[in-house]
Amino acid sequence: MKRMKRSLSFLLAMLMLLSLAACGGKKDPAPPDDNGTSQPGPQDPLQSTVVQGTEADSYRKHIDIALTQQITTLDPGLVSNVQHYYLFNMVYNTLLFYDNSTKELSGELAETFAWADDTYTKIHITLRPDVVFHSGAPLTAEDVAFSLDRTTSTLVTNTYDHADVIDEHTLDIVLSQPNVDFMYVLSHNSSAIVSKASVEADPDLGGAVGTGPWVIDMKNYVAGDSVALVRNDAYWGEKPKTESITLRLISNASSRLIALQNKEVSLMTSVNPTEVSSAKSSPDITVHDYATAQMYYFAFNNTSGPAADDLKLRQAVAYAIDREELYLATGDTGASPATSFWGWHMQYYFDDFDLDLGYDPEKAKELVDQLDNKTLHLMVNTGSSDYRIMSQVIQEQCRRVGLEIVIDEVDSAGATANSKYASATHEAMLYSINMNDWDSDMGRLLSVGSNTNKAVLNNERITELLGLGVSTTDEAQRAAYYQEIQTLVHDNCFYIPLYYTSDTTAYETGASGMHLSYSRDHDYSYICIPEA
Amino acid sequence: MKLDSKKKEGLKQYRKRSALGEIFHRLRRNKGAMAGACILLVLFAVALTVDLWLDQEKVIGMNVRDKLQGPSLQHWFGTDEMGRDLFWRVVYGSRFSLAIGFVAVFVSLIVGVPLGAVAGYYGKKVETVIMRFTDIFSAVPAILMAVVVVSVLGTSTINLMIAVGVSSIPGFVRTTRAAVLTVRNEEYVEAARALGKSDLYIIFLHVLPNCLSPIIVQTTLRVASAIVSASSLSFLGLGIKPPAPEWGALLTAGRDFILDYSYLTFFPGLAIMITVLAFNLLGDGLRDAMDPKLKR
Amino acid sequence: MQDKAASGTLAPEEPVLDIQHLTVHYVLEEETVEAVNDISIRLEKGRILGLVGETGAGKTSTALAALNLIPDPPGVIRSGSVKVCGRDMLRMSQQELEQIRGRDVSMIFQDPMTSLNPVFTVGEQIAESIRLHTDCTASEAMERAGDMLELVGIPRERAGEYPHQFSGGMKQRVVIAIALACSPKVLLADEPTTALDVTIQAQVLDMMIALKEKLDTAMIFITHDLGVVAEICDEVAVMYAGRVIERGTLDDVFNHTKHPYTEGLFNSLPDIQDRTAALRPIPGLMPDPTRLPKGCAFAPRCPYASPACIETVQTERAFSETHTVMCSAYEDPAFHIRREEV
Amino acid sequence: MGKYIVKRVIMLIPVIIGVSLLIFIMLDLAPGTVLDQIANDYTPEQLAALEHELGYDRSVFYRYGMYMWDLLHGDLGTSYIYKAEVWDLYMQRLPATLLLAGASVLVSIVLSIPLGILAATKHGSLTDNASMVAALLGLSMPNFWLGLMLIIVFSLNLGWLPSSGFKDGFRSLILPAITIGTGLMATLTRTTRSSMLDVIRSDYLRTARAKGVPEKTVIRKHALKNAMIPIITVIGTQMGRTLGGSVVTENVFSWPGVGRLTIDAVKQRDTIMVTGCIIMSVIMISLIQLLVDITYAFVDPRLKSQYASGGGKRKLARAAGGGQT
């Protein structure tokens, strides 16, 4: 008991400091734009950038790149997360290419692509004729159909039905339901194309054969630690200047920066916030910082538990949370608060709600006074220090308005297990999402049965709206659907969006050719460093 | 008659010190062990009384203007990212680290010693079963076992202690068993058995008190390794979390600043090192003092 | 002390071993064991001196000191000199010592079981000594090691075997072979037969005598077995509590015993003629070597002792040119021990 | 010898059975399964199918049975995190682990044995005390702290050595090997010291000295060889233990060893991976022990004849090894 009190007092003191810092550092709120909606997301987001460099006679032959998390598998059909996308971007191609700075789709492996009907359930594709896999086999429509059939990503499987192969280089992709955003999905790494022959010959490792500019050197592959890549000299597109690249895991941020300073690696992501200034002051290192399409959020369990039928409780928490305090506590100084549960970079972002649920401790107190149950369990994945810190800050913020948050610490496996849609036991939890560019991507967090639906939401109207949103290309209609979803989520406080994170990429000064993006799935295929 | 009195005198000359006195005497000659004991005395005194004389404000008192200042006369170990004086945090942290060390070892003591005693005392099947189980248990590396236990129980200070404790159980089982084996056939045990005392009575009142020395040595050394293990778990992200000033947590928190402010890592590590060294020196000294081989 | 003690009738040449006023103490943390106190021993070429006394009398320490091999710590040689062929072992550099040990003077240790290095073959162990002290190749040394083995009665084929493959008596032969490998001028034999059973004892003894004759080695034979002494020794020195209390030729000590302790030793032997006679052991124990009395250390056990004995500092008293005794009772010209009465 | 190896293998079986059951049960008690880790990669239907396939819809004993059945057929199973054979994954990590374990033990040997000999020859002196404190110092430093300090000095400030990975070969090995090696020093120094102390007082060293063998040779040849058995035993134990992975050091130096693989697998509830790694480490330890036993015979002829006659060598070796733990 005594110890608990003491740790509480620690926390209190810490928070007092934080609020001091917050008061001092508060910027003016962004001015409302012409439409009367305040500008979402970061003030001046770096969209996407290809780092420019100078031409040189010769380039370094080998480059090491530090990863922040494990690459556990080489097969794009089996896993989807940002770390793996670095690899997939280099080794595989997708049918389409999406440029998120121009927001336009273009062909990659597909020479032509178009909707084959007006219900948005069939896409007609013709393939480039000159593409060969790393195994030497030519790319055919069969491979495309095979790849889409086998991918386990829900992005694809939610609406993909089957592909009709018409001839060697032509096929129709048929969807089970309309999805106007499916072409974006086809540009996503989850629908990367692998060689059917290779996978059938070797089910375990055949998935590692792609068509991209880099080939995996299987002999030097250490699962979960490093992937060695060599240049694909038979690549159909522009060939990289570097001959070989190793992606390897250095999970600690400080260690990564030391390795970068010590020239053991040439590029890294996620500089420790406390060390950004130090990294920037080094002439050997160039640092890019940028807002990301990642959002932290607070999810209530809306199916069972005390929050499920208690709007006042949910709103009280929403009023109690001061977002700025959160990201100051986690040290993410480039973060920006999130108002709507939607990506700031998405086309139909909306946050001009009638009901203001911004930080307001007085209102929170009023609501808490009306509550019978003033206790809420918050499940926290202690594997991430951000979640841990945020949970403590939220606990303190709620305490101030009279609401008791009990923190249940679990590791990441426990967090996932306890929040599975079908058997969720958490009352509330902290989580994050990397949002793709297309608006329907938010369906992952809102649709019935999805394991990433941490709010365990089963709202008929939202489900209906999600369906409507992908069945038309009429921008006004879609805007209305998505605005309604955002309003529903906001007003009912199913989720409380917290903030959009920022990230940094640091690299050896002189390196160029990397395609850096707010979506964090940077493409390092063309990284090169002039020989000194 | 004259001779008799001489004889007595002669016998007196050969009289030995009591076993404990002998051990203490030899321990006192071991400079390392004495240094260790002195360090530990100071540490214990600090850990037990720190609440009384250390102003809480010094440990938790934040002062952003003073943040991340290098070691100076005013702040011996410098200040951390919140401007807290690292020296006082390390001083205060002694109670966490010592508590973890002792509670963890207590956990393995209360499980390991009875198991080892039973195995050694009964022998035969009971022994085989317990020792096989111990073998199996110790086939899992200690740190891994601790991680598994933390995964099962969840992360908290108590669970950390249990985890570290559980992973050193096999050591205690083995030590106790070996010690019990050497005394279980001694006459006083046979005598107690002949008197019809219960096995439990014999184990706890006759056997174990005579096996204390190896257990004490083991305990001292295990406290040392428990402190290291606990800080390792903190380092792996499974231990006590900041802002609690546990040394491992301080060290881990300091890692984020290692590039520019390495003293934040250096001093807590130094504190762990000195404490653990003190336990090891004392334990090693005890082992030497209790080792009959070195009596010659 | 009377230096002339053991000279005279013996060969006039320089003694091969000359120990003078040797004092060896073991300094422990709280107490000092006075193991050897001011003893002097001379030994001429080809002679055998029997060093007799109870366990703890300081015999082994004397022998070790002769090699300057007293373990330090805790052993300290307080004073004295040990001259082997005229060179003082105690004032030599480590290197000089290593040259002399095994070449001019060597030692046979008490326990053959533990005196051989278990991880080297016996051949290697003998050859090592040869290689160190003579200028020869490894194979020559092994050849000569084989010779030595044959000399001590072990087939040379067994040179490649390890000590654990030998019996106790065989091991002792190996130890002897090692000691004699370089034909030393002085051999210190520390109870070489104690650990062996009686039949083997006799074999080993015979062998040692034969070797001595062959190599003309002078020998100090440490034992508490008076029978063995009678059999092989030319001279005898009796030690008690770190002092030589009686010395002389075999005849002097055995037939003209003067010291009460020596008498006690003979009395404690079983009488072969009279099997019914009870053994007469010396009562009491050796005094604690950490607190020896100023005077006679045997006094507390001595049937003739007067209170003055403990106080009086003992000096050597010569009865003949070869026979000296350390007993203050002979201050009284009428004093004699009972053995003489018989 | 062959019979002896067979006996060893048979002795391994209960340990493997027991240890895998222990891991299965404990990880089953922990919240979450490996399927939860990969849940986001699959549709609920696929997940349900996988759950059935892997036996997660049945009891832990059923899954254990399935695993044992595979193991009986020489199959260490498949990791669903890596979607690859446990054997392949382990083998990918083994070279780095072997290298690091070997180098660490080497560091420990190079530092400890001279230190232990020094302490023993100067028994009771200040040198003795100082040597033991030096050896204990290694044990008393948390590995990760020493590792970090070495990185700060030798990588960051001096720029001499790499701080991560193992692609620079020998240079990469230095810092992590020192980090682990110094931690192993205490036990080895202590064993060397006490074992040498026993030998130094022995009669046969006195015999050697009496032969006129120079003191250096007495210590290095006569004494050391006799003191070797406990030392080899400890080296074997340490080698075995480091082969099981040195999680913390691997973490500090981003070293691709089995320790990190195993810990990650625990965190991911990859029971099959954890069990596989531990079984492999048990086998490795056993192999090392075998190697150690064979080495005994080279060092001590008494044991060689024991081997030749068969029987009782374990007991003897253990007795000779002396009760270090």
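Side notes on the structure shown:
Per-chain residue numbering starts at 1, and chain names A, B, C and D are given in the order in which the chains are listed.
Throughout what follows, contacts are C-beta pairs under 8 Å (C-beta built on N, C-alpha and C of every residue); 3 or more make two chains touch, one makes a residue touch a chain.
Since this is a predicted model, take the numbers as computed values, not measurements.
Ranking all chains by how far their C-alpha centres lie from the centre of subunit A, first place goes to C. Across B-D and C-D, it is B-D that has more C-beta pairs touching. A separation of 23 Å divides the Cα centre of subunit B from that of subunit D. Distance between chain centres (mean CA atoms), subunit B to subunit C: 53 Å. Distance from the subunit A centre to the subunit D centre is 40 Å, each centre being the mean of its Cα atoms. The set of subunit A residues that touch two or more partner chains comprises 252, 258, 261, 383, 410-411, 413-414.
Each of the following residues of subunit D touches two or more other chains: 30, 156, 201, 251, 267, 269.
Annotation for subunit C: no residues touch two or more other chains. Here subunit D touches subunit B in the complex through residues 14-15, 18-19, 22-23, 26-27, 29-30, 129, 132-133, 136-137, 139-146, 148-149, 152, 156, 186, 190, 194, 197-198, 201, 241, 244-245, 247-248, 251, 259, 262-263, 266-267, 269, 274, 278, 281-282, 285, 323, 325, going by the rule given at the top.
Residues 30-32, 132-133, 135-137, 139-141, 143-144, 147-149, 151-152, 171, 174-175, 178, 224, 228, 231-232, 235-236, 248, 251, 255, 258-259, 262, 265-266, 269, 272-274, 276-277, 280-281, 284, 293-294, 296 of subunit B are the ones touching subunit D in the complex. Residues 30-34, 36-44, 46-47, 81-85, 88-89, 92-93, 96, 151, 155-156, 159, 162-165, 167-168, 251-252, 254, 256, 260-261, 264, 267-269 of subunit D touch subunit A in their complex.
Across the interface of their complex, subunit D is touched by residues 64, 70, 72-73, 75, 78-81, 152-154, 157-158, 204-205, 221-226, 246, 248-252, 255, 258-259, 261-262, 264-265, 383, 410-418, 420-422, 449, 451-452 of subunit A. Within the complex, the subunit D residues that touch subunit C are 124, 201-215, 222, 225-226, 299-302, 305.
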